[in-house]
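I've put the structures underneath this note.
Two complexes follow with chain A in common, the first pairing it with chain B and the second with chain C.
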Partner chain A sequence: MKKRYVYWLMLPGLLFLTLFMLLPIIHTIGSTFFQEGQFTFEGYLHFLRDRYYVDILLTTMQVSLVTTMACIVVGFPVAYHISMLSPRKKGFLLALAIFPLLTSSVVRSFSWIIILGKNGLLNSWLVGLGLIDQPLEILYTPTAVMIGLIHLFLPLLIISLVGVMENIDPDLVKAAESLGSSRFTVFRKVIFPLSIPGLILGSILIFVGSMTAYTTPTVLGGKKRVIATFLYQNAITLNDWNSASVIATIMIVITLLVIGLMTKMSHKFRVKG
Partner chain B sequence: MQEKNRGLALFTLLVYVFLLSPLIIIAATSFEPGTIMKFPPQGFSLKWYENIFKQSLFMETFKISIIVSFVGNLLALLLGIPAAYALSRFDFRGKEAWNAVFISPVLIPGIVMGFTMLKYLVVTYHLPMMPALFIGHTVIMLPFTIRVIASSLSNFDFSVEEAALSLGMNRLRTFFVVVLPNIKSGIIAAVIIAFLDSFNNVEISVFMTGPGVSTFPIQMLSYLENHFDPTLAAISVLLMLLTAVLIFIIERLLGLSYFTKR
Partner chain C sequence: MTLLALENVSVAYDHQHYILRDFNLNIERGQFISLLGPSGCGKTTTLRLIAGFLEAKSGQFTFNGKNYTKVPVNKRNFGFVFQSYALFPHLSIFENVAFGLRLRKVSDSEIAKRVSRMLEIVSLTGYEKRFPKELSGGQKQRVAIARALVIEPDLLLFDEPLSNLDANLRVNMRVEIRRIQQELGITTVYVSHDQEECFSISDQVAIMNNGVIEQLDRPSTIFKYPRTEFVAKFIGFSNFIEFAYREDRDGEIWLKDKATSFRVPKHAGTDKSGGRKIAIRPEDINITADSPFIPSTGQIDTGKELNQVAGAVMVSTFLGRSYQYVVRTEMGDFTVNREMEEPYANGQKVLLTFPGDKLVIVN
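So, the complex of A and B:
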């Protein structure tokens, strides 16, 4: 009796998600395999044959990969530093990282326009210092999108890594230190390996997040498309629902592949660590 | 040793400068008296703040955003509280799978969800735009609602509930009289976190626009296409203030550890 009662409690939520999230997705994926009532892969072949489409996919991948790497390289030492601070300082720095995380992505992307623009802050500083003669074209390029995305996702990685590092048993660190390990060795042999599962999880979030980001490329990317803005353009501007559905399916497949692969990797490390 | 620490501290400082300076710069430019954003501002004026309230589109979309997140929150609570209760109170077969189901809206790309909802709910089944917007926002809020309330329930001592039950109170009444009041702060925090997620959402809302229907962030994006005056900077400052206040409340209710736990 008790068991069935549990399922009744979750049933409304399940029904809601099935009706309004799952069915629309299945409907969209299904529609990509049919043209005029005929089963076909033409939608995908058309996509892969078009150099322009493939370029957009590759640019998106490249931007996401660089963003993820940069967040890891920059975020890891920062998280390590924060995790070793006193609770007061730690709380303060965490709050400062949470603030941008919860601030509107429109605001955060928009804030880079004035810095990266042709007559923006960065260019006027660089010219003023005599480092360059001509202002750099950064705004409305993939580089600007990358900077915006790193700014968007770095707090996420820092915050979740601090959480992981806080959970490392302090006795392990003490044991290593009492055996004469230097702080760097402790970091290399204890903290780093134990942080890998959390790092992988954070990387998934960032990679998938940058790959599917819409706001930042819309504000900072100019005419150069990434896959999410391309999906919007096909659906709303061009009214090409078939192409939009194909793009949506490709995005779902890549997302699930990345999540699946990385989760497997993180399990592997967890067993070892 | 000390040396390395100082290096790390300096690096951390630089990273925080990178994270926060764009927001500070944008705040400064909001006071620019001229018609183009400049840093540093060439004077001090509040006229762009006044301008926000003169733009009827900003006022209307703000109202819609508030209504959408209110309705979405209500629906997400109705669906989420029973589910969160089931997930944290009982052990049953397939619990992991159920957890995954309720987390799934976070994993599906927002832009894909927005498009498929438009295609299926609005175009195929002729659902009007406004209810579609409510539904879309409920879907993205639900995982946050469930997660925050479940974690608040996991701190609740269920022996209190058992006591009430053994004294003959029925399950439903026990839930409302004993359990619910004890997780009040968790529910308020869940509402705030879900509100922020809905209020800042672009990916779903961008597809759900029509005559008289659009949300605040979408209006900001379309203003940005045609204007370069400091109005958006002024809006950004007001949004940042709102965010800061809400974070402060979340911190009081849950502690910041909510964000570091994953």
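So, the complex of A and C:
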């Protein structure tokens, strides 16, 4: 029982989390089921009946899903490449990949305005090169939000993938090659399946991060709302805390569902070695 | 018939430091050949070169009459068994063994047939559904062997496949490996630094030192007649004497120094032209107590007995069945093993006799 004191060390943290996280969450969720002292699902029914609300929810899900997919497609080859390098080069490239994480997301979102705007860098290039006649309408659309989010979250995926890929025994690659695999087959039959745990972890982080992102959609999304900005609007601008609580609860449920689903998938693909 | 030939091959991991330089090796079809040598001498490097994991800086690799120097690993059809087993952790035992067959687009029914026959050969029938994590070291090793064999490779390569196993299992597994190799008649290159292992399973053993093959011979030949000092030392000849002069008479070689001369009858271990260094194992030297009445002058050639040297015991060590002595003589220190009840005391005057047929001339 010498280790008793360890529990005392945990106490401040536990107290903090209980007081400022657990209790508020319980209160928030609880409050959504009561109107004027009566138990009711009216809050949720009201939300789900309204086309406008459901649209926001679907847009958010779509943005998060596309962001996650795009990060996987872009990040996988990069992570594979980095994991194959010598430790020195690996360190350098990883530092480069992580570097964007060190700048504020506000600054990063604003810099996308300069690039994506009607008279921004991208459009002036494309028009200058004669590829398009009219500037593209990207800024203040979900596409702009996705671009901002991909930029924001790509490093997370790369880090979690490099983490698992580094630990794949190089002899496995050699064994597959000696049995007749081409480079691509090695990737498909050995590297990819063994990277799935990192992939799932990265995807969860990105999906949940995109679902709850606030700054990027605010800056790049214009009038188009996603669920996080919608929640803010309800709570602060409209002072409708009841709706805000309903939205928060829906977000929590969706987040938990996604995490549960992905974890289940990762168990299915779990490396049995 | 030569199946595999490495000609003047040089390998370097960086640009200046050559691990193999002008390396040559010929292997006959159906042979089991071992590469044996101290750590870092280039055994694994040689094996990786043959497998195609490494590219030679120069030289040529011929296999089955074809130039294989630039053929990539996945086109060589060689089986490789790794020290770490390298089983795919995400695949069942069945799928591990079937891996190479699936790549070769073999039909499912054919795969099922060949995999189960292979698992039978390595005595792992019934383990198909398990995963590598659920097997013991020896079982994993057998899966690794099955996986390499099932593709019917043109050459089988082993890199210290048994070094992670305990002593008993090692002996069993090496017998297994030899049995399977002979049953299937696959030419095999085997790397190990366990002497006994190499000698017991190989048709030919190549003793390597510093990126060079010092001797390539049948195990018994190497054991009895090492050609170089390095090989002799490596297989347990711990006594060496270098003479200043050599004279070849019919049937005998006379080796002389200022103080002594030795006569060595010609045999398979003495045919190195001009060699003036002899080697002998510690257990082949006869040791007897020197009678105090005969003055030991060290002038052996004047005495009746040939190849005798007088000396005194400096150190004696108990080895279990025998005693080992370090005997100091005019010609240097010798290590001598002798089975006896009571050891000689330190300082005891002794006579060492070197039987001519046990003496080997080395380069």
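The rule we apply is simple: the second predicted complex is superposed on the first by the 264 of 273 C-alpha atoms of A that agree within 3 Å, B and C clash if a C-alpha of one lies under 4 Å from a C-alpha of the other, contacts with A are read in each partner's own complex, and residues count from 1 in each chain.
In the analysis below, a contact is a pair of C-beta atoms (placed from the backbone, for glycine too) under 8 Å apart; a residue touches a chain by one contact, two chains touch by 3 or more.
Everything numeric here is computed off the predicted structure, so don't read it as measured data.
The superposition on chain A brings chain B alongside chain C with room for both.
Shared-chain residue A:262: touches no atom of chain B or chain C. Of the two partner chains, chain C is the only one that A:193 touches; chain B does not reach it. In the superposition on chain A, A:48 makes contact with neither chain B nor chain C. By the document's definition of touching, neither partner reaches A:136: not chain B, not chain C.
Legend: residue contacts after superposition of the two complexes on their common chain; A:20 is shown touching chain B, with no touch to chain C.
Ranking chain B and chain C by residues of chain A touched puts B first.
Of the two partner chains placed around the shared chain by superposition, chain C is the only one that A:180 touches, whereas chain B remains out of contact.
Looking at the shared chain after the overlay, A:65 reaches neither chain B nor chain C. When the shared chain is aligned, no partner comes close enough to touch A:127: not chain B, not chain C. By the document's definition of touching, of the two partners only chain B reaches A:252; chain C does not. Figure legend note: chain B and chain C, brought together by superposition on chain A, show a least Cα distance of 10 Å. Overlaid on A, the two complexes show chain B and chain C touching the same residues of chain A, namely 182. Interface of chain C with chain A (complex): residues 51-53, 73-80, 82, 84, 86-90, 99-100, 103-104, 131-133, 147-148, 151. Residues 2-3, 6-7, 9-10, 12-14, 16-17, 20-21, 23-25, 27-28, 74, 77-78, 80-82, 91, 93-108, 110-115, 121, 151, 154-155, 158-160, 162-164, 166, 182-184, 198, 201, 208, 211-212, 214-215, 218-219, 228, 231-232, 235-236, 241, 244-245, 248, 251-252, 255, 259 of chain A are the ones that touch chain B when the two sit in their complex. Per the touch definition, chain A reaches chain C in the complex via residues 169, 171-172, 174-182, 185, 189-190, 193-194, 269, 271-273.
Chain B meets chain A in the complex at residues 1, 4-5, 8-9, 11-12, 15-16, 18-20, 22-23, 25-26, 29, 37, 39, 75, 78-80, 82-83, 85-87, 90, 92, 98, 101-102, 104-105, 107-113, 115-121, 124, 135-136, 138-139, 142, 146, 196, 199-200, 202-203, 206-207, 217, 220-221, 224, 232, 235-236, 239-240, 243-244, 246-247, 251, 256-257, 259-262.
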